[in-house]
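A, B, C, D and E label the chains in the order they appear, each numbered from 1.
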């Protein structure tokens, strides 16, 4: 790991306007950036600062803010540090730009986010369903999709109530120690 | 009027009838009856099939101070039987539904039937030739008649037919030159004169004769260096025509070869003609040509995806077995080679017919666009199955007997490399015929063929009769071997001792009655075991294993194109590097030649060229 | 919701045909599917089809307590479960700022490497089976079972251990455990020549696997390939060394590479890693007895544990490549968002599709197994 | 020979072949188990398998050709066994010799090919295409061997070949007189039995067990029966050609089991080739050895 | 899809077997066949879930299932037992049903892992079906997460014992109560659900029709059925 490079990068990033920069540790950097500036930032990181490896793209749903947070984790094999670029896009209509031309692995993550959150990425090579090909409900990873309610509505359980369980329930349930009593 | 006259007249009558009335709806049926009548005329000469009888024709001409006459012996009779049989079955096949279909496509039925009849007639004339001159005339007739039937279908077919014609004329020139040479040496066109002169000829002269005659006849037989015309020309011929041509047409070359080179020159002389600086002699040369004829076209057939071309290339390849068998020239081998002529005619005609039946129903012979037809056309399937088992030379069909005889004689004579070559050819045949039947009848049924029906009886019956012949002559090969031993005796080859079931001799014989009964019994036991346990239920073809996936009808699952990729990874480069190059070079050379020839033909009368050639040849001989 | 189309449509006149690899196919690793369109044996188009193992882990984890999820995470990658637990635990520790005791760190490293050895034994056994050689598979899986025995002794579970909890590990080593582990390592090392003779230097296998699914370095970097697959192209990149976690910074080990970038190279890298892991385990066995101390730091009541708000991105080198967890907490008793970045999500989808196109039917299974893709990581 | 005796022989020969073939299948599985360091199946496992397969209550047929294929596959081998002389029984060996037998052995292959073709499964068709390619590969060295042996003994009658060898004791065995041919035949045998490294057409990981892909119940049972016949045929054929055939069952049985044990052992130690590598290998070393051996024989 | 009615299986004594066997040897023969069936089980090579990780150890050198005559087989056509190893996601369940219907009878299903019993630890997952036996009849459950190879083998032995004594006939239920299973499948997959295998035709062909084979769900199937294509092997039985 090259300390100088990191210092150089910190200085560089701090000077760019419109982004919030925070170094969490020697190898982790968090950047908050507006949605229209993100592709430029990533291009800069990849082209100038050797962040060639897209580790992941994460989507976080913030329904209260009406936004999706997209986090691009890029790793540099040279400086051996990870930049997490956070950006927020409006939940409606949930359309954003693909970074496939910068990072090819983005195709998978964008496809995944598309089917799990319903965010459409313009310019991504493949927006077809991959995992949920036979699913016609709402994008399941959105916060408003209640998995448990869906399960109760869709599936049934087989009744299982043997005698030993009944006895146990009469004694006060399966858990003999109350949660607040447990100490590790 | 001798029986031979009857035969020839009947044949001519057929030609005249088809020319006059070929367009009426029942013309095909009447022509079929006329072929049957020719067959009866042949049967009247039955004695030739079993003994050394000879039938002369009462017709003869005087030409150039020589008498041209026509005669039949056991050799001619055997070939004539196949010719008339092939004509009969082809005509039958072309009579009912096929004829309507053919006419509906805007083709002239009259032309087709008369071309077929002319072919039969010209072949009979060739087979009946009694001297070299009549042989040549018959030869030319056959060439032109074949050209006529080949060029019927389309302009593309005409192109291939033109190419054939170029080859054929070149071959005919060579033969003519040979005949002229013989005349110069002996002063006669009689066979006997040639036979008498052979012992006195020098090796050089004989080599020249051999090359001229062998080359000329080889063109018709499509032996390896001059084989390129055949497959495409046959493939483009209308279905029954292709069946007829494939069955017998090329065999005329073999007939002439046997007549001139085996009967007249004699095997003893061939063995004595060694090629300088090698261990080979003239017979080996012929044998190796035969083996290469087996191997190359067979492996070219492997790459074809048009069913007719695949079969036509096989036709080229199977010629090799006949020639190989004949030039081994012991009793087993020559019997095998000659029997192969008969066997091959039966199943090749049947195979072409079944492909025509497929084309009749589906409109295509492209193996990549067929599949799964067995449920739709079961009778055609049976015909093709019998045909491919025969073509591959597996028991219980007759193809096995002839191939077995050839192999056995190669073992007995100690010719290992020829043996291996022949086996390579057989294996290649098995590979490509399986591709043929798999891609057309087995596998996934295409939706557009879901409502296809079985071919009409006028087409299935000739196929099934041929299938019966293939099976029965496989069961009782002695029937055919009787004719062949008469033939061998008349040609001067050692005669094969045989019985109804095959041959018997101490060092491992063959008894097809036992073998086939054994096989049938085995399969019967297999069936007994199979049907005595559990019931099975027919399921839909989409109810199939696909890695746990649901199959759907709009996707193609049929494995058809590039059927043997593993093999082609290995031998594919050979095609590209050597074969393809050589083929394309030859093809373009041929095309250039044929263009040139066409240009000349259009401007001047062909007969003048014939004359010029004759003059040149005669002057050359005289100068010597 | 009909699964596929049965509707009658005429076939396009085509020489191509479709073949389905999987989900029920021995040429596919786990429950995964691969549709290929071929002509002869040449692959023209390839399409991965996943989701057969989809359980919605990320959704499930949002609905459970932080500590409950420990039981859930190892199920994301079945052949190699320990990195999942460790990575998730590391994320929580980062969020809470917990300091893991050193002994626990060493024990975690020990488990990680044992899990890697087990996974590699499984992987090349599977690869051997795709080429028709079943003996290495039988041997490899039987030898892997001995490692599972040690896991069982340590954690009580053969496959799913649920042993690494935030703040440390669940229990200390049993008596004489390291000695038995050392014996196991001796045995495994003694088996390596057998494997070499049978498999890695088997000329038929070498001929079969060479030049199959070849990636160049540039391609590998561009496609996001990590782990042994990346190292098989000659790049010595390893999360354990580049982004050290636990005590890897203090351990001595090589990052083996191969130059070929093909199926053979990937296998050879795994084989060398097997040796390196054994080497690391020996170091652990040497050092662990000297390190005394607690095996976990005190944590709050796990059933009422509100992890401070924040987010953490932790990376671990699993046997397949770079494994990462992105955990977001809003200070509640359950995670707000957990994103699992399985290494196979790259290998089994894009890389596999690209390597398969133009390759041969014979080699599809080999490519899949040599990439050592783990479908549950993709489907989650 | 009276017809009763002949009938008895014709009944006994396939039955014996089947029983011995089953034992060979068991041996194969036991050898595999030994090499893989496990116990392996119980003694009667092949019988259990076959009885179970034939007693399936529902079975799937894709049409008559699918069924015919299995009948041909089983029936072809049943018929072929009558051509293979064993101690005390010559069967129909004089009615069709070595060449006939080779062709007979193609009938089951063709039958299976037809049956598989009707299944309309691309995996099966690929398997058949590979099987036929493999046949093309191993038959070429094999016919060289067959030619050499037939030429050496000047007969194609298998019973006579065995008799000639037995007349000269162990030194008269084909293996001693034609070692190169015996070696080439061993290669061909490996291919003929479809064992690794020549196991291209089974290939589960590539084409989901190829020809067997749509075979269920008695169809599969037929293939199991065919397999046991196949092993038996391969073993006996090699024994007759090179190991002096069988004077009596006591010496004959160890010979045939030893012959088939060789490919079975090798199979466990190799992966499978690609198809073209198979063809290349088969056309290279065994053909060379065969031709060289042939040159010695022909002198 | 809750609008598709759920029906219950009405437990009735099985229809009397037609007495076609009068030979006393037939019983011995049946015993023999059942014994062979129990000693030769081909399991389908289909890893439907994470429990499949314990199958390779059970198959290979250490536990060696071949001792018991158990072999892995590739396609459903050859297999006798379907091991549903773990959770079944809905997408997989479709393939499991397809595969199950393609297997020849007698066929057996073993539900391995707790997930096949009642959803297991994925009880709140939107993607996994919870109760396997609603969709296909299950012979043996092997509970645990995940069951050890020993447990798998003991479960298989229990199945062997069932087969040997003739109790292992859950597969008949699928034909006899096809309406029930089809109904459950339709409730989960939608009313357009259809597999290529014609179970009713099979039930008819092999004489396993009962009054519960056909019902409203099979009517629904018939309504929505897309004919596979003109090659109609599907079905005369229904019109009869």
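Things to note:
Convention: contacts are C-beta pairs under 8 Å (C-beta built on N, C-alpha and C of every residue); 3 or more make two chains touch, one makes a residue touch a chain.
Since the structure is predicted, the reported quantities are computational estimates derived from the model, not experimental observations.
Hopping across touching chains, the smallest step count from chain A to chain C is 1.
With contact taken as defined at the outset, chain C and chain D are each touched by B, E.
A centroid comparison over C-alpha atoms places B as the chain most distant from chain A.
Central chain by Cα centroid: D, whose mean Cα position is closest to the mean of all protein Cα atoms. Should one ask which of D-E and B-D has more C-beta pairs in contact, the pair is B-D. In this assembly, the C-alpha centroid of chain A lies 40 Å from the C-alpha centroid of chain E.
Between the CA-based centres of chain A and chain B the separation comes to 73 Å, rounded to the whole angstrom. Inter-chain centre distance (chain B to chain E, centres taken as mean C-alpha positions): 57 Å. The distance from the centre of chain C to the centre of chain E, with each centre set as the mean of the Cα atoms, comes to 33 Å. Listed for chain C are residues 1, 3, 6-8, 17-19, 23-26, 41, 51, 54, 56, 59-60, 63, 138-139, 142, 379, each touching two or more other chains. Multi-chain contact residues of chain A, defined as those touching 2 or more other chains: 132-134, 140, 145, 147-148. The set of chain D residues that touch two or more partner chains comprises 36-38, 55-60, 122-123, 126, 204, 208, 213-214, 217, 274-275. Of all possible chain pairings, those that touch are A-C, A-E, B-C, B-D, B-E, C-D, C-E, D-E. On chain C, the positions that touch chain D within their shared complex are 17-19, 25-27, 41, 128-135, 138-139, 142, 198, 202, 204-205, 207-208, 360-362, 364-365. Put simply, chain D touches chain C in their complex at residues 32, 35-38, 122-123, 126, 196-197, 199, 202-208, 268-275, 277.
On chain B, the positions that touch chain C within their shared complex are 305, 368-369, 446-448, 542, 546-563, 565-566, 568. Residues 32-33, 35-37, 39-40, 45, 60-62, 64, 66-67, 69, 73-75, 77-78, 80, 102-106, 202, 205-206 of chain E touch chain D in their complex.
In the complex of the two chains, the chain E residues touching chain A come out as 1-2, 90-91, 94, 117-119, 123-127, 129-131, 133-134, 188.
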